[in-house]
Structure formats: C-alpha cells, structure tokens
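Same chain, two partners: chain A is paired with chain B first, then with chain C.
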Partner chain A sequence: MEKYHKQLTQVFRNVFQNNAIEITRSTTAADIDQWDSITHLDLITATEESFSIEITGFDVMGLKNVGDLLDLITRKLED
Partner chain B sequence: MLFNSLDFFKFFSVVFLFWLVTPSRLKWAILLAASLFFYAWEKPIYLGLLITTILVTYYSALKMDEFKKQMSKKRLFLYLGLLFNLGILIVFKYLGFFTDIASQIAGLFSSTINIEPLKIILPIGISFYTFQSIGYSLDVYYGLRKPEKQLGYFALFVSFFPQILSGPIGRSSELFPQIHQNQNFSWDNIGYGIQRFTWGLFKKIVIADRLDVYVNSIYGNIDGNQGSVLWLGTLLFAFQLYADFSAYTDMAIGVARFFGFKLAENFDFPFISKSVTEFWRRWHMSLSGWLRDYLYTPIQFSKKKWKQWATVYAIFLTFIICGLWHGAKFTFVIFGIIQGLALTYEMLTRDKRQKWSKTFPPLFYNSFSWIVTFIFTLISFVFFRADTTPQAFLLLKKAFSSFYDIHAVKDFIVQAGGIKFLFSMLLLLFFILSDKLFSLSFLNQSKKPFVLNLMVSSLIVLIILFGTFGKVNFIYFQF
Partner chain C sequence: MITIRKAQQSDCSFLASIILLAENTGNEITAYTKMFNKTNEELLPIFEKIINNETQGHPLAYKSFLIATENGVPASAFAIYKEGEFGDSNHLTTGALMTGFDRKSMATAFGFLKNNSELGLTKKINTLQIDCVATLPEYRGKGMLRQLMHAAEQDAKMNQINELQIQVWKKNEGAIGAYSKLGFKIEEEKLSHSEKENGKVLMIKNI
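Entry: the complex of A and B
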C-alpha cells in the first residue's frame, strides 16, 4: 500500500507538473488546483500506464478521493 | 406556487407550525405531506407522475443492490430507472419538439401528409426532479451509496418542496444524511432562513421583475430597435436572468433552512469570470456539477483512447444536452454549441494562454479576459432569450452593425419612462455593487448579528418601497 502511495504521488507530480504535491487518502480534486474535469482524464491514463492496469469508466465513476483510487489500484494489481 | 405570493406565505406558515409541534422523529412526514400538497397545487394530475417517479426509482435502486454481484441484472435495473426518468422527460418535454420537426419535414415533401405537432403542458419541475432521481440511481449503480430503504425518506429526497420546482438539484450524498438526522428547531436556522429569503425576495421583485418589463419590450421588437438598444436589452437580460434565478435559489435555500436543511449553492458571482470554463464553475453550479459527474465524465471515459479528442467530444455532447435541457428549441441547441466551441477553444489553448498571462501585465490580461468572457456570455444569452433562431441572428446582425447609435438609446430611455427607467438602473447598479457584500455576509454569517439585522431591515424597506408586486413567474420555472 505504502509503495503504491509513493508511486501514485509521482504520477500526480508528473501530470500536474508540480513536485511539491503531497497526497493523502482523503485528498480530492478540490485540494489540487490543476485537477479538474479536463485533467482528470490525463491523471487516470497516467495511472493506468504507471501501474500497467486498465481502469474502466465504471471504475472511475466510483472514485470519491485518492483513497478510493489507491484501493482500486490495489484491487486491480492483486486480482 | 410562487415563493413571492401570498398563497406561499399561508402555506409556509401552516407547514412550519405543524412541523414545530410534531415530535422530531416524525417531522419528515410533515415535510413529505407538505411537499406532495405543494406539488399538487397547480396541477393535481401531475402528482401521479411524481409518485410514479419516486416508486420506480426507489424500487430499481433496491434491486440494483440485491443484484450487486450480477452485473447484467444490476444494469437491467439501472436501465429501468433511467428509462423511466428519461422517458417521462422526453414525452412531456420533447415530444412536441420532435413532432414539430417531423411535421416540417413532411411538409417539405408533400402537402397532403399532415402531422399535428403535439401540445403537452410541461409538468413543473420535471427537469429538476428527474435529474435528481437519475443522479441517485447512478450513485447506487456506481456503488457510491447504499439505496435508501425507507420509502418515506426517499420520497422526501425527490419531492422536498423548497427545491422541487427549480432546484438546486440535490445530491444523494448531501441530502440523505440530513433527512436521516432528525432536524430540530433552532433560532440560528430561522435567522439564516430569513436573511437568505429576504435577499432573494429583493433580487426577485426589486431587480429582476423591474428589468423584465424593459427586456420584454426590447426583445419583443427586434425589427424596430437599433443595435445599441439591442445590446442594452441583452445586458439587462443577463442581469435579469442572474437576479431571477439566484433569487429563486436564495429563497429555496432560505425556506429549507427553516427546517434545518442545507441545500447546495447554485451561484458564485458568475459575471466576474475570466474564462468560459470559469463561468460554468460559477453559474447554475448544481446543474453543471451534475452534468460533469453523470454525463461528461462517463462520455469522456467511454472514448478514453481518443485522448484529448475524447474531452472535446464529451464537451460538445454535454453542452448540446445542457442546451436542450433548458427547453425543446433550436435556440437552446445553438446556445449549447457555442458554449461547447468556447470551452473547446479554451481547452486547446490552455498552455498558450498560461504563457500569455505571464507575458502581459496582470491587470491588462485579466481585464481583457474578463471583457471577452462577458461579451461572449452576452452573445450566448441572445440565444437563451430570443424566441426563435432567425430572431436571434437578426438581433446579432443588428448588434454588430448599428451598435454605435447612441440616439436610439436616448429615445428608448424616454419611451421607457425617462427618470423611472434611470431609477431602475440605479437600483440595478446598487445590486451589482452590493451583491458580493450581501451574499457573502449572509452566506458566511461574517458580520455581527446587529449588522446582519440592519442589512435585512434595509432590504425590507427597499422591497416595500420599490418592489413590483405583480405576478411574474420565475424564468427557470419553464425549464
């Protein structure tokens, strides 16, 4: 889990081009300036590439915060 | 029942008294009974439609939960709920539009085929409560929440009277916790409710309804008016629309707060936006948020492989539907398309604009962005207000040819009552300048109680002195 958290933080920093970004399980789009409905697609695509997983539209709709995204990654990798 | 009518005051007083004396675990039942009565007030027959919506959505959500492990059955019950909600929306709102197009096409080919366009009276609030129900169904489907088991609570979620006619479109995640937690009387809520309601009443009958007369007279005679007057009419319409709809929202929020409910905010000073993207984050937020979560994002992710074109595709589809949501007219489709164009332009030039913003002095760049955005908003509102597409284009043609004709504006002012018109403009100016102060003071309770009381009292004086006590419907009631 800790490992995924670190890797996901790097994905966030790359996508939003900001090395100061720190994420927690409760982080939402409201907490990060550039994270909006347009960049959301880039974020999910970058997450897919980084973890080599496939995230469907159904998966995306069930996400409320970074915690949900981490759980999703864990589920996909361990299935 | 208009919020600014005597009937509503009587209704509200009775409901509030009953609510006060009812034990707190049963207060929801009073609110539900009041909501069903409120909805049946204009056209009792449509109460049947509302109750069917409630039952179908309630049942399909329970079934989705029952089959949560069997995706195909779960999806079947999602479709049941969606099909019903979209079905009644299409039948009542768009069937007339489609039969109208069909009759026009038939008319092109043959003069003997005669398709009568259907005329159906739109059940009030249908666009709002079907969207709220669809949002709930999708929340359950995506696993964001458990279905509501208590039918009475669910019925109140769909029909809560302060918001059923024109929103704010509520989210299950916001409303259900409030319905479950028994609300009790509180003086703070009463104070807050009075402040928001009074502010709304002021915006409605001192600002919006005054502007209504001038806007109607200018838009009623596009042929006979010069471009300069048409610009004035469009400018006044923009403020009328904002004042009218945000007034409704303030009153809805205020009324709900009497019973302890916090409804979603709908406006965040839209006219200060410096881009169209920003405008949609500040304008009718409960609708734009709904569209983003339940329409735009699913469309965008369904075409994920298209990269940025998935976003462009999702923007256009969402905004055409957003336009049509406002009404079954081509003018609204065009409204949606030009919003889509502007948003796509902003998306594709994002990086470039970021560079520009660093090259030019901030004051210059910000003012320029604001002016361009505001003029764009006005042009798009022409399609929002004009009765037909040819009228809208005629208006724009004139607006770009005779915009310099100051004498025509002078003549219009004289015709509109001279000093009386200028006084209305003074009231409008007062609203524009004080909007932020009043809105934020009430919203955040950021002033001392006696200052808030003073503000409410002065609004009441202005309402008594300058209110137009006719019966002008809220613009958004027709959607």
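Entry: the complex of A and C
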C-alpha cells in the first residue's frame, strides 16, 4: 500500500462523511457522488490540514486523479 | 471581415472582459460578482491574472478560448474544452480561482455556491463544453456566435467528440433561443430554490 494512502483515505471519509469510501490512484470525481467543485475546496483544505502542507492553485490545476494528489503530497513532504 | 482564431497570451485582458461580460446578462443567480462580492472593475485585473496560465481543460485558461475578430480586432469569444481530458473541469477552475483569490475569499465564494448547490449540472465526460460566451455589445448581430460555434464543431469532430454541451440560465431566453437556432436542444433543467422561475439549463447538440 502506498505511503500516505491510508491517511488520505481518512481525509476523504471525513470530507464526504462516508466511512465506506475507498480510494485508489485512479479515483476521480466521477467515482464519488458528492465530489463537486464545492467539496473540492473542502478536500484541498482538509488535505493541507491533515498533512501540514500548503497546496496552491497551480498545484490544484495539476491534479487529474487521486494518484496525482498522492504524488503532490509526497513531493511536498519529502522534497 | 470576421476571422476565428485560437486565443494567445496577449488576449488575456480581452478574455477577462469576456468572462465577466458573459456573467452579466442580468439573469444569473450565481456570478463571480456575487460569489466574491466585488464589482466587475475590481474583478477584471484579477481574472486577467487568473487566465494567464498554461493549463487546459477548463474555462479559466486563455488556451481554452476561441476568438472572433473583425478586421483583426477581438470582438467575441468563448471557451471550449473536452470534459475530463485534464481532470474534472470544475476542480481545475477551483485551482485557477485559487491563483487569484486568497483562501478567505475562496471560502466565502464557495459558501455562496453551497447555498445554491441545487443548480449543479453534471458535465458529461468526453463532451465538448462551451463556456463563458460573450460578444462585445458593438459587435452583436453580426453572426459571430454562429461562426465561433462552427469552429467549435470542427474542433470537436477533429477530436472525435460527438456531443457539445452548454449551460445557460433559464431566464436567459435570448441565449436559449440563439442556441436552439444553432441546433442545441434542452436536455436537463435544475430549478433554483431561491428564484422559483430561474435555474440552470443544460443544452446539448449531437454532431
């Protein structure tokens, strides 16, 4: 299992208030009902808080799926 | 002479005015002026900065725009993008807005959207989305929208896209009529809770 995957899963479950949510690298907004533009900002903010990182607008524009978000978290924490 | 071309970085000022003009028909329940509680004059330089980015796949990037010019002068424009090609276009738009507004303004703006969340229409993956449509007032009635739409359809065909989608406000009967004449049909409506006779309308055209 990928590093940070478990922690990010918990972020998703908290934001979408659904403990059944499972995420993979290929998960996109199309796979999670409530993942719209409004909750996306909540998700970004919750990810920043959980991992103690700062995510910029340019970072967000580079995210196509959960895998990209995991890679971003890894870069922010390990670079 | 009317010419259609892709937008360049030097068009950002014009495109910012188009984005704001597209949202000021008087029929909008949600608009950037309402979301961010700012005037068009205050928003103009912010959006000029926001759309000056190299990303694609959403409406707040200059590369997404097609422009109609008359004798070389930009007069009309709209954004086109294949939904899902670079990720969810609404999420990319959120990122673009974050480059121009601080987090407190973003939270306020998205709180406003949350209060109108019943208006959300789903953009179908792999469709060509048409967004931020506007013509400068002095150039209206010259058939620029028709020529832009023809160029958009050619672009869609080249990219094996067989459906165009556009969202309009229900009260904007002029726009709905114009798109109907161009072959669009109403596919779905989401009515507002706050303004009973208004809402969002999804129009589609199969090509």
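Everything below uses one rule, namely that the second predicted complex is superposed on the first by the 77 of 79 C-alpha atoms of A that agree within 3 Å, B and C clash if a C-alpha of one lies under 4 Å from a C-alpha of the other, contacts with A are read in each partner's own complex, and residues count from 1 in each chain.
One rule holds for everything that comes next: a contact is a pair of C-beta atoms (placed from the backbone, for glycine too) under 8 Å apart; a residue touches a chain by one contact, two chains touch by 3 or more.
Bear in mind the structure is a predicted one, so any value in this text is a computation, not a measurement.
Once the two complexes are laid over each other on the shared chain, residue contacts for A:Thr74 go to neither chain B nor chain C. By the touch criterion defined above, A:Asn65 reaches chain C but does not reach chain B. Once the two complexes are overlaid on the shared chain, A:Gln7 sits clear of chain B and of chain C alike.
Touch criterion met: A:Ile38 reaches chain B and chain C at once. Of the two partner chains placed by superposition, only chain C is touched by A:Ala29; chain B is not. When chain A is checked against chain B and against chain C, the one touching more of its residues turns out to be C. On chain A, the surface patch touched by chain B in one complex and by chain C in the other comprises residues 37-38, 40-41, 44-45, 56-58, 60-62, 64. Interface of chain B with chain A (complex): residues 138, 142-144, 292-293, 296-298, 300-302, 304, 307, 310-311, 347, 350. Across the complex, chain A meets chain B through its residues 37-38, 40-41, 44-45, 56-58, 60-62, 64.
For chain C in complex with chain A, the residues that touch the partner chain are 53, 55, 58, 84, 86-88, 90-100, 103, 106-107, 110, 113-114, 117, 120, 125.
Chain A makes touch with chain C in their complex at residues 28-30, 35-38, 40-41, 44-45, 56-65, 68.
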